[in-house]
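What follows is a pair of complexes built around chain A, which joins chain B in one and chain C in the other.
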Partner chain A sequence: MRQEEHPLIGRSLDMPHAPATIRPVEDAARFNLRISPDNLAEASAAWGAILPARIGELASSPGRLAACIGPDEWFLIAPLEEQGAIEAAFSALYAKTIHSLVDVGHREVGIAIEGPAAADVLQSCIAFEVGAMAMNEARRTIIDRVPIILFREAQERFRIEVWHSFSDHVWHLLAGICREYELGV
Partner chain B sequence: MADFRIPGAGRVNHGKPVQFTFNGKTITGLEGDTVASALLANGVHLVGRSFKYHRPRGILSAGSEEPNALLGVDHGPARVEPNNRATVVEVTQGLKTISQNHWPSLERDIGAINDVLYMLFTAGFYYKTFMWPKSFWNKVYEPIIRGTAGLGKPPVEPDPDTYSSRFAHCDVLVVGSGPAGLAAALAAGRSGAKVFLVDEQTELGGSLLSETDASINGMSGWAWLKASVDELAGMDNVTLLPRTTAIGYYHQNFVGLCQRITDHLSSAPQGAPRERMWKIRAKQVVLAQGAIEKPLVFDGNDRPGVMLASAARTYLNRYGVKVGNSPVVVTSHDSAWLAAFDLARAGVKVQAIIDVRKAVPTDLKATAESLGIEVLAGWTVTGTKGRLRVSSVRAKPIDGGSEQAREFACDALLMGGGWTPSLHLFSHTQGKLEWREDAQTFLPAKHVESSRCAGAGNGEFGLANALQQGAAAGQAAAADAGFSGSGASYEIAGEIALGGTTLRELPTDRNTATAKAFVDFQNDVTAKDIRLAVREGFKSIEHVKRYTTTGMATDQGKTSNINGLLIASDAVQRPAPQVGLTTFRPPYTPTTFGAFAGYNRGRLFDVTRKTPIDSWAEEQGAVFEPVSLWRRAWYFPKPGEDMHAAVARECKATRDSLGIFDASTLGKIEIVGPDAAEFLNRMYTNPWTKLQPGRTRYGVLLGEDGFIRDDGVIGRLSTDRFHVTTTTGGAARVLNMMEDYLQTEFPDLKVWLTSTTEQWAVIAVNGPNSRNLIAPLVEGIDLSEEAFPHMSIAEGKIAGVPTRLFRMSFTGERGYEINVPARYGRAIWEKLMAEGQRYGITPYGTETMHVLRAEKGYIIVGQDTDGTLTPDDAGLGWAIGKAKPDFVGKRSLSRPDMLKTDRKQLVGLLTEDPKTVLEEGAQIVLDPNQAVPMKMVGHVTSSYWSVALNRSIALAVIEGGNGRMGETVHIPMPSGTLRAKVTGTVFYDPENTRLSA
Partner chain C sequence: MLLIHCPYCDATRPEVEFAYGGQAHIARPLDPSSTTDEQWRDHLYIRVNPRGIHAERWRHIHGCGRFFNAIRDTVSDKFVTTYKAGEPRPELTEKEGAR
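Up next, the complex of A and B:
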């Protein structure tokens, strides 16, 4: 008995002509890592890939995303099947290098925003200049009063990580805006 | 209907007729018309009745400054809106428009009796008349006045439209697309800067749309306009937004723009937003809003057919409409002559140009003569006639006697009193204004934002000035935003000097006490009213404004402010700058509520957080209540049950056997690091060092002031890892407070905080059968009393899913709080529901939770505390670690007034009549026979019907409550004074035997 209820899985937009569309992102393991930047090399070794050193930087490797979202804070996304190995690696690290690794896999829901108008759709409700985000940049921000982490993974692809209780609001908001762009008004 | 349209003339589409109705009559306009231009093309000037005197009113202007021509507009079912300006509403097929403020009809209006009784309705009429008796104001006068006041009828149905919003960022925002704005946008756009050019009108061009005389760079004005707009439209870095009004200018170059999207379409695509609110952050702003022509103030200046000369010129040149067949022009300024010339050239017989100046430019005079127009220089206008439309105007030489007066028959009177620069957006920024004595006007002086003014809005009139200033402003703005470009120069031909003089009321030989010389058309304020206000002691323009209402209402004094100021300054005998200008407030023009709300309506009205189990509760017919941003199941009524019955059943089932409750909204913080226990020592009142892994403790969090801020159960998972819970509403606040202290006060501590509120779904099972329910499902945790006593925590599995299991109770019964990763929440809940059937498992909501905890005297922070209770006041003194050197709030707790015995303290109350449930919030007195106002010593914080005790219970804070055990206190209520006995706070099972039952 391991039936999961994903708040958004199964949803889609029926807007074939919209210049931007949204979809729920497949499930993943997620962690909040807090560690002194002095110990970044050890943390990268435990993570298995380089962790970005600059706030706002997003490092992607196959199946994995690592975003530096604070002076000593990283948001990590990995395939579900790697969850145990990652936890074990950091658990081993703790004995010599203290840090905090907290499982937040179920805290978040991922929403992908894709298409030529993806940045414009987000700009409808985000106050900073979304189009000016670089590729592989991550930001904590607010969308219509909801706190999110926003990744720009490609010129025309963004990803929102949002707490699940807010995800319904964000989904319907973005769906309406995609419709507006489909109409071209 | 009469046809005043000139075939082929103007910028309207003569091949595309559009039918709409005005007061039920079908009117044919053309594509490109406003309702005003279409009405005028059909000879209709009378469009409404005035606000106070119900005087017939016509169309004064051709733009958004219109104070008179306010119509109800009906775009279809539920799309009815009052007070639309006929001068900006675009005609669409099938549009219905109706005039306002009259009964039974526009032509015959009973309310016009006010006009006859006008001597009664002077400034301050209401204040003077409805003074006595004083008690009548709230109950009689104000409701009646409010009932009869107001223009138009508000819509009563929900707005079926959707609205949109959008943020945007640019280097240069140009407001206004007249010649100055176009030149600015061209200069900035050519430099490569990201430019937004916005204009409230349907078409870009501003005054150029009405200008047919001058040429620019060898092209006609219209040809240059087309070339310029085409060039801008071809630039990727330029966004053109017509039909978009800059409504407000806020700090740091943040400008609100309201774009109209569908109102002008006869059919809009399904789901298209009606309007969009742009929220623009611009590096630089160029304000090129132009100027508004001033009306002249004379008796009868408000009759239908009396309009601004510039408006007549706009109707002629832009819309191909003659506003009359035999107009008279009265002016103090050159520009009105141009309207006369253009009309004459279009074949209209202009009866006369009456100019108050004795000396008028000879070239103007010569042109007038060549067109056969009589010129009366140094003359004034002293009155008009005509009931529903002006029929004649009386003029006389200013220096001559009354016998020299002449009466001119006319069907339109065009007035021009000079120009008022549009300062509205500049004023929103609190930019400093400067009085220009020569021009008798205020102009922008010191900018406080990164902004510039250009053209007529800067007091620089004329096409050459506008283009030159606009280009310079655009280039400079782009340069300040980091883009360099070369300047542009413009060759202008055919422009004539725009000179003039500024007057207060026109000179007259008639009795000024009976003159109806209007200053503010929308509020029916006359020159006499303003002078009366000054005589009655109002010296400040802000006071004059409030007393007379001049400059108020939807037009915000666009046509009246300067005339009002000049008259007031004359009356108080002080220069205009000392009298001052009233404040312009956003929005610049009336803006729909929908545009402000944007997407936030219906299910997006507010953010509603839902737990993973919310969908189950909804399917079961739960009644919800909002708790901070969450919605929580309040109670689960069965068919036929009211709230009282449902809560009673839920309470009984939980105490008797088994209840299940969704506690997912509890705030959760994971605290990790070698100094985690020390950090908790410093934050919470309790000691944490000796808490063993696997055990939990109830923690109390204070502010620096020593008052209770939050509470919750905290579990120690391992030496370095704690699972903290907070109140639902306190989750974000507590995490922020902890981070604040960690970063600023305790940076030495090696500890990190992570919000895990939403990582876990939390299911509380309470009741004697709670262990029996979960025991078969739990793996890896020994649930025996010895291994897992009350206040324990352990990690294991439940129904195959990882869990952090708490043994704790907020009901007084044996209880467990099952934390599972959020996405398993609903499945585990349903599994527990299924397995619990044999125990009569009963889901309960927040109301039952409140009752059960109150029976045990467990407090709810924010309900039983109000930010002024110390742990001692709340009966939580036991939770203070007395041996700890410090914790947040410790020092405050030893202040003398915190130790007083008469502080308000939390106690229990039992009413004398056990059936009476006190009202939460009710005030408590000691002596019910004392004189009113009585001394209130406290209030009821929680009050419920207790099924377990078969009587009412209550918690209350009472001064010195701990010393009043057994005393009777009194609760005065509207129905009589209630009596209650002060008790301890624990009503049920004081020995706590049931926690392990």
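Up next, the complex of A and C:
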């Protein structure tokens, strides 16, 4: 399924008074980077910003997110127009440093969860303690049996990266919970 | 729900993020062709199945993706400790083992 026709296109919640709302995030370039932590400095140079070294850390700069989600694994998000430059930079790096940079942009779709109750909404269907996440933390986890990557970008703003095929389910799940919070049930 | 500490993430996460990987510290014979059928059978299939402290492998499959080792009490289902793959099995005192 191509990114132009994923299930969440054009969706929005009409809940102006809800303490938390969800919306699809604009399309972006996404990469999965595997490289030895010893060579992180070279990868950071190719990426153009410092890549976080500790699992769970999230480094954000305008339009870009870089999360360390495994001992040798990073998840990178960048604006679409920067995709070619990033691929070229890592392609040049490949000559001297073994790594793998995989474009996963067509696999996933982003959902933003915003509002004072955002953490509570997510906690309804995530087993670990969402409220205990720090700002700029990113973790791979499970939401109602669906594997996701969860980013906390601000106190009241989260972002989920979920596969296309699961996104419809996650959307309706979160929409239902947001509705419950709006009604105060 | 069990809470398991992942030594790679350095975070405690619910059991649903993990997958069980069987008994830990089983070294594959360096020269399989020189082993007898009985030795090879033992390597493949014979496990200790203890009542009490058990060293086992777990994988944080819905987190960092890494295998690690854990010491778990099979009676109480309590995790005594977890440690990174490749590290030796920690020496436990009687008191720790009895928890």
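Everything below uses one rule, namely that the second predicted complex is superposed on the first by the 182 of 185 C-alpha atoms of A that agree within 3 Å, B and C clash if a C-alpha of one lies under 4 Å from a C-alpha of the other, contacts with A are read in each partner's own complex, and residues count from 1 in each chain.
Please note the rule applied: a contact is a pair of C-beta atoms (placed from the backbone, for glycine too) under 8 Å apart; a residue touches a chain by one contact, two chains touch by 3 or more.
Being a predicted model, the structure only gives us computed values, none of them experimental.
Put simply, more of the residues of chain A are touched by B, taking chain B and chain C as the two choices. Contact with neither chain B nor chain C is seen for A:R152 once the two complexes are overlaid on the shared chain.
Once the two complexes are laid over each other on the shared chain, residue contacts for A:R64 go to neither chain B nor chain C. By the touch criterion defined above, A:E180 lies against chain B but remains apart from chain C after alignment on the C-alpha atoms of chain A. In the superposition on chain A, A:E5 makes contact with chain B only, while chain C stays out of contact range.
In the superposition on chain A, A:Q123 contacts chain B only, with no contact to chain C. Of the two partner chains placed by superposition, only chain B is touched by A:V102; chain C is not.
Contacts of chain A with chain B, set against its contacts with chain C after fitting on chain A, overlap at residues 127.
Chain C meets chain A in the complex at residues 1, 8-11, 13-14, 16-17, 62-66.
Partner chain C is touched in their complex by these residues of chain A: 55-56, 69-71, 73, 127-128, 139-142, 147. Taken together, the chain B residues at the contact with chain A in this complex read 162, 164-169, 261-262, 268-269, 271-273, 279, 281, 599-600, 603-604, 607-612, 615, 630, 670, 672-674, 720, 750-752, 754-760, 799-801, 821-827, 831. Chain A meets chain B in the complex at residues 1-7, 32, 34, 72, 94, 98-108, 123-127, 129, 132, 144-146, 163-166, 168-169, 172-173, 176-177, 179-180, 183, 185.
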